[in-house]
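What follows is chain A paired twice: with chain B in the first complex and chain C in the second.
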Partner chain A sequence: MSTELPQHQVETSQQRHIRHQGMEASGVLDTVEKGFGGNPEAMQYFYDLFRDVYCEGIKPHPDKEMIGTMCVQIPDEIIHAAGGIPVRLCNGFYTDEEVGGDFMPAKSCSLVKASLGMLKSETNPYSDGIKSIINPTTCDQKKKAAGMMREMGYQVYDMELPPVKESEEGREYWRRSVRKFTHEVGKLTGKKVTRKNLKATIKQVGQAQLTYHRLNELRKNTPIPILGKDIFMVTNAYFFDDLTRWTAATEKLCTEIEARVAEGYNAAGRRSPRIVFTGSPPVFPNLKIPLMIEQADGVIVADETCSSNRLLNDMVSVDEWFMYDMVDAIADRYLKSCTCPIFTMNDDRIRRLIELVRTFKADGVIYQAFSGCSVYEMEQRSVAKAMEKEGIPMLYIETDYSPSGTGQLSTRIEAFMESLKVRGRQK
Partner chain B sequence: MKIKAAIDHMDLRRFRFWFQLSAFLLLVYGGRLAINLGTSLPTFSCGYNKSGTAGVCYLLPLQHQLAQPWERLFSPAGVMVLSGLGIFLLWFVALNKAWCGFICPLGTIQDWITALRKKMGIRYSTYTDEQFKKLSLIKYVFLLILIFVPLAIGGQFLSHDWGTPFCQLCPARMIIPLFNGDFSQWVIDFSSTGRMVLTALGMFITGLFLIGSFLKKRFFCFFCPMGAFHYIFSKLSIFKLKKEGDKCTVCGDCYRVCDMQIKPIADDVVSKDILMDDCILCLKCVASCPEQGALRVDILGKTVFESTKGGFVKRMGLEAKK
Partner chain C sequence: MIYFAGIDIGSTAVKVVVIDEDRQIIGNKTVATGALVFKNAQTAFLALLNEIGLQRQHVSYLTTTGYGRKLFKDADETISEITANAVGAREAGKEFGTIRTIINIGGQDSKGISIDLLGNVTNFAMNDRCAAGTGRFLDMAARNLEIEVSDLGLFHFNAKSTPAAVNATCAVFAESEIIGLLGMGHEREEIVKGIHFSIAKRTIKLVKRVGIEDLIYFDGGPALNKGMVAALEDELGRRLVIPEFPQITTAFGAALIGLESHQYEQQEQQITEQTNAANAQSCQGSCSSCG
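Let's turn to the complex of A and B:
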């Protein structure tokens, strides 16, 4: 998968795609790595990881059975226990979005289009080689994407998620889905999920989560010891990295950041407004809005998105270490606390945002919605209203993956940052 | 501070096991050492366990007292009912429903049966929402029976054969004396219709108890009138189960492990006082909550045990290998 062209040959469309993808990735990586200064040393692992995978075409799991997952609700613990490697296929490439545009109506979500485009063009090293995809019935676009993925020749497993999470009926429905999945996933990987394996992987994933919690906790400090763009790189790496390696690298980062906290290191500016990020998920390389925020002297101190915090926040609690209880416990973890907007109610997300603003001492909230991501667009109103009631300034941004129109966006973000600073002075 | 952290990180399972065992030995055998804690205990320390009991469950004297002729009950002599209640309340106020989760011998026996089921790797059963709502009313029916049947006896509407009706139905009467080798309660009393109906039903309920608590954690506690009686006074207690809704992510971890299937423990993010009528204050919920300070136990307004990430990690065995 070389990006260099033999001179006498005409570039195939696939080669062109790969070249464009590499350019897109390295452009963003350059900004993340060189655009800010003061990178923690331990971040190098993550920068290199992304460069290897997206620019050098190195496969992260060359000879393992990868299982693609489409949303945050697919239980990693179970896939690991079946000997598979869960790889989250939500994609952030504009290059892929253009290919995926053929499948979806024009006004649909960039993320879904990009994911379809990636699967179609088979150029993404981290998804290359995937045969099976687990697709939960979350938003309409993901649901309908399943059919198109099937058409492309993937084996798609529809994992049924209820639209209501508060009721016992919904809970039982989801538990059944998860129990069935536990049984079926073994057929995809060729290895049965056993009590012993599952117990081990619950603990393994739990430890990864704890390491993330440790890192996240450090962001409560003033001054802020680490920028949000780095956190997104860490959590995005969780999409596809080896679990043990990821945990070890993140642990190293924690130690370094703890030392920074001890010496009062400030990763941001003197008066940088502290931001809580929410809405449609930033997925590498679409870190457009997070980067703009931090380029405009803001700093993201916490987030409420499914590509980052929600991925690792809530933990499994088991009462009896047998299959029956472990599987149900896993099911509960992925349903009950999930703040995905596809559910009928969004009170939990609002409560969570308010709590994040409070505990991370944030000055404001930035809400990103991909145009065409109707669920996040629809929830905007209720979230804005709740924030207003709490006296929390919020900026709502509708955006997509296209590189055009960034000037206007950054002006709005800069203005918001200024207003937060003024507000901070008046306090 | 150190002590607080040690408590927050404790292995609740083990602590409860030893605490319950000690309480069991004390209440079931303490009488042999001439220990006497009186007759107003807010827990099923069964008075029929004559050779061993160290104190008597308040429901027994209560039913006796209420069955006095009305002219006595509603005269100044009736004050003795109130004095019994007073002592009951003193005991109760100190520990609230933790009497159920930590002391009640019948509760402990159910936990032992659960441990046996677990050993065998058999799945526990649960009620559906609908079943839960209906079944959890039964304890109030028992409570009404144990108050109004004795009153009806005192008013001469019913014969004394119907005396201490709840005790005749209660599985503790048959089961707890067994621990002292006393099988005398395992009979159906044919001396009168009332006795026969009650003791036959009692036998049936005991059978249900044994099967039920094997299949379902704390099976009998849903039906326990003592629990219902507690709930009337629980607001008075100095021992409180509190929730900080803002810190809760509604992950449901607490609800999952709750033997009593109390859903509001996870879903209610508004109430500060989160003690529900079915709660047995076993504190499993606090121990299994991963969010710092979302659930806690206060005694006299001082927090003695609260949910912490560190405690959660320890109890789940997630500590990183050093």
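Let's turn to the complex of A and C:
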């Protein structure tokens, strides 16, 4: 062994940060792309997109005015209509979570920590140079994050969301909030929202949702034609990809998966338990739990998360194409169908989960909660109770972005799969 | 005679069990896991075979379990320690009756497993990442008190007064708490007993999440510690089933799963052969496709 130590090259903290992000992203991409086999050909577009943006530093929207959004409740249609590009800033990097941990309480949500960490170190793979952020008043941590983002020098727009969604007051409150946003978003983008533009963008986003629906419906099939990890890649790409390009690539994927269904192709194992995924959202590169599920011979056939299904499931339904009608219809789509646990009552979520289990013929539910995300942690009780009543096995996992602890997590997930398989055999 | 082996590669110890076709244990071995996990597991396996006079090829099916299960590429099957524990406990506890609940305290985790009348896992709970209230915690406490882990039981029963209140279950915080208790003049016996009760309380809280039904089987290394057993029984107000070798239940379960998988594979093969033979007869070799 040589006794001489190599010269140590000192890199700046930002250089190191970007290098760590790249390592993290390419590690996960390698697993997604090479860890399973049988990838649909049309998925290559998405794998390449992530590799370009997350590892190669290629910007998806050079020289365009991007507007950062912090939650699924921010209406994309309105930002598009004002000539902006909405990019979702909810972030999944462990590297960023560590940075965010410096100024957040120890027990706080990984996603909020990571998003703040990314904004602080200005290392977002797809939204470098972003100035304006729309932050909805959803959970407490996101609300308070707004102040921290202002301190960092970002222009933050608080979009007020009510804590109750069943009441007429809540509905009216939110509608006013969306109307106000429609007026003011122009100040951020430099272009007013017009009736014609808004109608066009509702249709454009609607087309993307329609395509997602076409894809999602195919997952009801037995055998399952596509793995859940690929679906998460598709929906995660929607966070930042160009709308038209995304829709075209997803349509191509649909056609391929339809052909797979016609020939009875099975993307999973012979006895793979079918899983509905719910809870705190998996955001690339934090696909830890979804990947573990599918590595343990499970297959995610449906999800109830704001980074995937909830992002694209519900469409704006307009009666008459006048400005007021369109804006109110947009408001309703973002409030009524939302099953986020921040609301006082959230029976809709339980109903949706049961429906997903039935229609997608799932064997069990896996519920992920980021430790420190108190609303998802709290709602675990009522969901677990409801699932037990319905006779649906559920595994609750509390976790964060950290790569440690995977041994115990995979043991739990594997044991859950083994018990589902035994149940399946006894049926 | 054919044999089946189960290797449980745990965080603290590697346990190897070899059984025969009649589900009888032929031999078992427990060694420290150490840092060279795979090498130590492999050595232990081969050493056990040597002791009982078997060769590697006599083992028809090898199943691995435990946190290091995937390191053993030679295995025919890997299974999670939860399923393996349930299968092992059902068989090992048969002479006492039907096991419905398992309490397992391992080197770095503790678990509660509930099993139905057929012996299948219906629910389980496991501690999170932190090793609070596990075997690792007992190790640390013994070291701080300068006693052998194997003497913990003795110290427990020799306590003359009320057990000391040990509130912390985090190994790091508990260390300073133990030092504090010693500084206040508490006897080591009282502290040991206090620690056992603190672990018992925490473990039972965990197991309650899956529901506690008789019979309750307690295994893992700490089940060798009579003081720990007594504390758990007192906290529960019920008797526990303690197997003869509490450390090897999971390895035993893995071996049993291997036996079942092997039999299942044989059956499948038999069916295929029969079908092939039947097909060959019915077509009388008139076409060339089956040669």
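The rule is simple: the second predicted complex is superposed on the first by the 418 of 427 C-alpha atoms of A that agree within 3 Å, B and C clash if a C-alpha of one lies under 4 Å from a C-alpha of the other, contacts with A are read in each partner's own complex, and residues count from 1 in each chain.
Methods note: a contact is a pair of C-beta atoms (placed from the backbone, for glycine too) under 8 Å apart; a residue touches a chain by one contact, two chains touch by 3 or more.
The model shown is predicted, which means the values in this text are computed figures rather than measured ones.
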Exercise. After the match on chain A, would you call chain B and chain C a fit or a clash?
Worked result: fit
Exercise. Between the C-alpha centres of chain B and chain C, what angle is found at the C-alpha centre of chain A, to the nearest 10 degrees?
Worked result: 120
Exercise. In the superposed arrangement, does chain B or chain C reach more residues of chain A?
Worked result: B
Exercise. Touch check for A:G405: first (chain B), second (chain C), both, or neither?
Worked result: second
For this session: Applying the touch criterion given at the start, work out whether A:K64 contacts chain B, chain C, both or neither, answering first, second, both or neither.
Result: neither
For this session: Check whether A:L210 is in contact with chain B, with chain C, with both or with neither, and answer first, second, both or neither.
Result: first
Exercise. Touching A:A415 in the superposition: chain B (first), chain C (second), both, neither?
Worked result: second
Exercise. Does the superposition put A:M315 against chain B (first), chain C (second), both, or neither?
Worked result: first
Problem set entry | Lowest C-alpha to C-alpha distance for chain C against chain B (Å) | 28
Exercise. Once bound in the complex, which stretches of chain A touch chain B?
Worked result: 166-169, 203, 206-207, 210, 213, 313-320, 322, 324-325, 328-329, 332-333, 335-337, 348, 351-352, 354-355, 358
For this session: Would you mind writing out the residues of chain B in touch with chain A in their complex?
Result: 118, 121, 123-124, 128-129, 245-247, 249-253, 256-257, 263, 266-267, 269, 284, 288, 290, 309, 312-313, 316-318, 320
For this session: Provide the residue numbers of chain A that touch chain C in the complex, in ascending order.
Result: 398, 404-405, 407-408, 411-412, 414-415, 418-419, 422-423, 426
Seminar exercise, completed: The residues of chain C that touch chain A in their complex are 67, 79-83, 109, 118, 120-122, 124, 126-129
